[in-house]
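In the two complexes that follow, chain A is the common piece, with chain B as its partner first and chain C second.
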Partner chain A sequence: MIYISQIVSVIRKDIIAELRTKSTIGAMLLFGLTIVVVFSFSFNLDLQEQKNLAPGLLWTAFIFSAILGLNYSFSSEYENGCMQGLLLSPIPRSAIYIAKLISNSIFILFSELVILGFFVWLFDVRFTMNWHWFVLLMVLGTIGFSATGTIFSAISAETRMKVFILPLLQLPMTIPVMIAAVEATSILLGKETKFTFDAWSTMLLVYDVIFITLSVMLFEYILEE
Partner chain B sequence: MPRISSNVLLIIAAVLMLIAIYMVFIYAPTERTMGDIQRIFYFHVSSAWVGFFAFGVTFFYSAAFLKKKDLKWDNIAVSSAEIGLLFTTITLITGSLWARPVWGIWWTWDARLTSTLVLWLIYLSYLMLRNYIESETKRAYLSSVVGIIGFTNVFLVYFSIRWWRTQHPAPVIAGGSGSGLAPEMQLTFGFCLVAFTALYVYILSKKVEIGRAGWEIEDIYRTLDDK
Partner chain C sequence: MSETKSVFEAQNIVKRFGRSAVLKKLNLRLKQGEFVSIFGPNGAGKTTFLKISAMIISPSEGNILVFGENIKNAGDLARVEIGFIAHDTFLYRNLTARENLKFYGNIYGIEDIDSTINHCLESVGLLNRAEDLVSKFSRGMLQRLTIARAFLHDPTIMFLDEPYTGLDSTASVFLNELIHKFYNTDKTGILTTHNLDQGYDLATRLVILNNGRIEFDADKDSISKNDFRDKYTEIISS
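Presenting the complex of A and B:
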């Protein structure tokens, strides 16, 4: 029970800090919008091409804006010695990871929803299946992004050249997430594929479970002095 | 490692590699449809095996470092990662050289090709990461975590891409009915695997020695600074 309330308090801290500064979400949203606008200049999609290209474009916009946000998840803690405070507090390291995982997922999911809005508006995307399946996909994919993104964000915050290291580590790591999410999305848009929507979402779930478990086990070593 | 056993490793690796080259180019028969280009297969698969094995070693010693917190394990992990990267590079290049005449293309987004490329990218960023961390202990901790997560990911990458598309020739050995190599080819292939593994062990022992020599030099500098 204490463990859960510890997690909740770190999440609350992250959300309050974000609501006061609005720095991360604002940058993520603007970046997401800019990407979608650049895409719309770069690709002219008719309805047929849409099925093939839209899922990839959408998830590319998602991952890039997610990385932008993840970059500040831990590096912001190093300003004003916040990290020291966090480490000195009687909270287990794994609880810090889980809390950061959840708050990152919330921020990323929020920016994804707005990007999706822009995308549907500018590209006129139509889902042939139910919306709630896509929401499920977004949640699973976003948790996947943050599962590895949170631990890599903590790693890159400890290096010189922070901003470069995170995408270098994160992009190859999220390839399974990207493939599964893009394929499942194109199924929702009515494309015929060899594997079903269920198979791809199970793959996302497996990715999430594996990397959350591994990260919980490994996170304490990152903050080790 | 003492000098003598290192020299023994060198001799074993050198002799095995020379025999391997002889077997690949002279002993093994020419393949009927592909011709001489098929001979690249012996070195291609052997390098792929060594690359993957080396990353496995990195995974193992990264975990060992996190458990024992002794930098010598980290030294082995990073040495093996560098060699793995080298052999994975060889795999990608020889594969491309083979694919051009046989498939008519240099590259295709097939499961094995793509996961090898991703493996290559992950360990390149692993080595990059190490360059950007000043403290030696910190470097060891952070890169060990990446070494473990990265290796685990390779399996998921492989399965996700396999579902996505596949073009790589099915395993020729033990790949079900209709597969199989001529006995001479099989012998050459097996021999190449052993020779490449011996080469790997020798290079690894040298790399680990260099890492240790680096620490000794640092110690000497430190004592000089104290004086």
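Presenting the complex of A and C:
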């Protein structure tokens, strides 16, 4: 029970600090919305082009804004030695990882919802299936991206070139997430692909489970090093 | 009082950073109620030893035992017994003083947390600033809140890494009071310091660490302050 209460404490702390500063979500929104606005001036998509291009454009905005947010994820922990304070306390390292994963996912999902709203409005996107499926896809994709992003953010947070190192580590590892998310979104927009929506979303789910499990097991060693 | 009970024990601690060993087979055993001052020049390994003792970093070799239990097995249970005041404050800038203490209190699983926080803030004279953001605090107030954070969970063993460095006079008074209260209740502490007078006055036992090795270890009663000063100079300059 204390394990869950410790996770909740870290998440609550992150949310309170973010609501006060709005620095992470502010940066992610500014960046993501700028990408969407630039795309909207560059592309005038008809219905057929929408099926082909919109998923890639949308997930590009999601992914780059998320990386920006993940860069800030452990910054507050390294100010004033707070990470040492956490390591000193009786919180299991896996609980720190899970808490940061949930905080990151919440911040990224929030900014994605706003970016999605602008994207749908500017490109007049029509989903052929129920939009609830797209929300499920966003949740699975975001968790997958955060699962690796959280661990790489912890690795890069104390390096001088963290803005460069995080995407360098993160992007190659999340290629399966990007492919699955883009393909599944194409299906939701009416494009026919080799695999079904269920197959792509199952692939995302499996990716999430594997990387969360691995990260939970490895996080203690990563913090130690 | 169980005078011979070992509360804390460092066994053959070695710590290497790359190829250089900062700590070389260091052994230290503390009984309940002992307050040890560790002296040594910069780079002697004092901070590294305290970080290993507080389980912030792991030793390359050796074991730390808390109440006879190896911390490799006891882990989180042993951490509850430990408090640490370091150079850093461990405080979140964008939280208030109360939110910071509540966060750490929840992590430590403290019951009756609100009254404990009020008591801690009162003991360092910050109760009236409880709802202020830490980023608005002066250096002295930060130091006092750091002291409150360290004593919040009522640790049995306290590690103090140069706690008086940069401390203003008000914070020094609060820290002195808390340290005296602490070891008057038969608890155990390790203090590292450059200040021979302050370290000598607070301690029950004196240790000199030099080049990663303990080169002097004696009860305070067995050596006068002047003799200890001479011994320290002799070891450091050898």
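The rule is short, and it goes like this: the second predicted complex is superposed on the first by the 224 of 225 C-alpha atoms of A that agree within 3 Å, B and C clash if a C-alpha of one lies under 4 Å from a C-alpha of the other, contacts with A are read in each partner's own complex, and residues count from 1 in each chain.
Note that in this section contacts are C-beta pairs under 8 Å (C-beta built on N, C-alpha and C of every residue); 3 or more make two chains touch, one makes a residue touch a chain.
Predicted model, so just to flag it, every value in this text is computed and none were measured.
Touch criterion met: A:E224 reaches chain B and chain C at once.
Residue contacts after overlaying the shared chain place A:P176 against chain B, while chain C stays out of touching range.
Of the two partner chains, chain C is the only one touched by A:L88; chain B is not.
Which of chain B and chain C touches more residues of chain A is settled by the count: it is B.
Once the two complexes are overlaid on the shared chain, A:K191 sits clear of chain B and of chain C alike. The contact surfaces that chain B and chain C form on chain A in the two complexes overlap at residues 224. Those residues of chain A whose C-beta lies close enough to touch chain C in the complex are 2, 5-6, 8-10, 12-13, 16-17, 20-21, 76, 79-82, 84-92, 224.
Across the interface of their complex, chain A is touched by residues 51, 54-58, 75-77, 79-80, 82, 84, 86-95, 99, 103-104, 106-109, 133, 149 of chain C.
Only residues 66, 118, 121-122, 125, 128-129, 132-134, 138, 141-142, 144-146, 148-150, 152-153, 156-157, 159-161, 163-164 of chain B touch chain A when the two sit together in their complex. Partner chain B is touched in their complex by these residues of chain A: 148, 151-152, 155, 158-161, 165, 168-169, 172-173, 175-176, 179-180, 183, 194-195, 199-200, 203, 206-207, 210-211, 214-215, 218, 221-222, 224-225.
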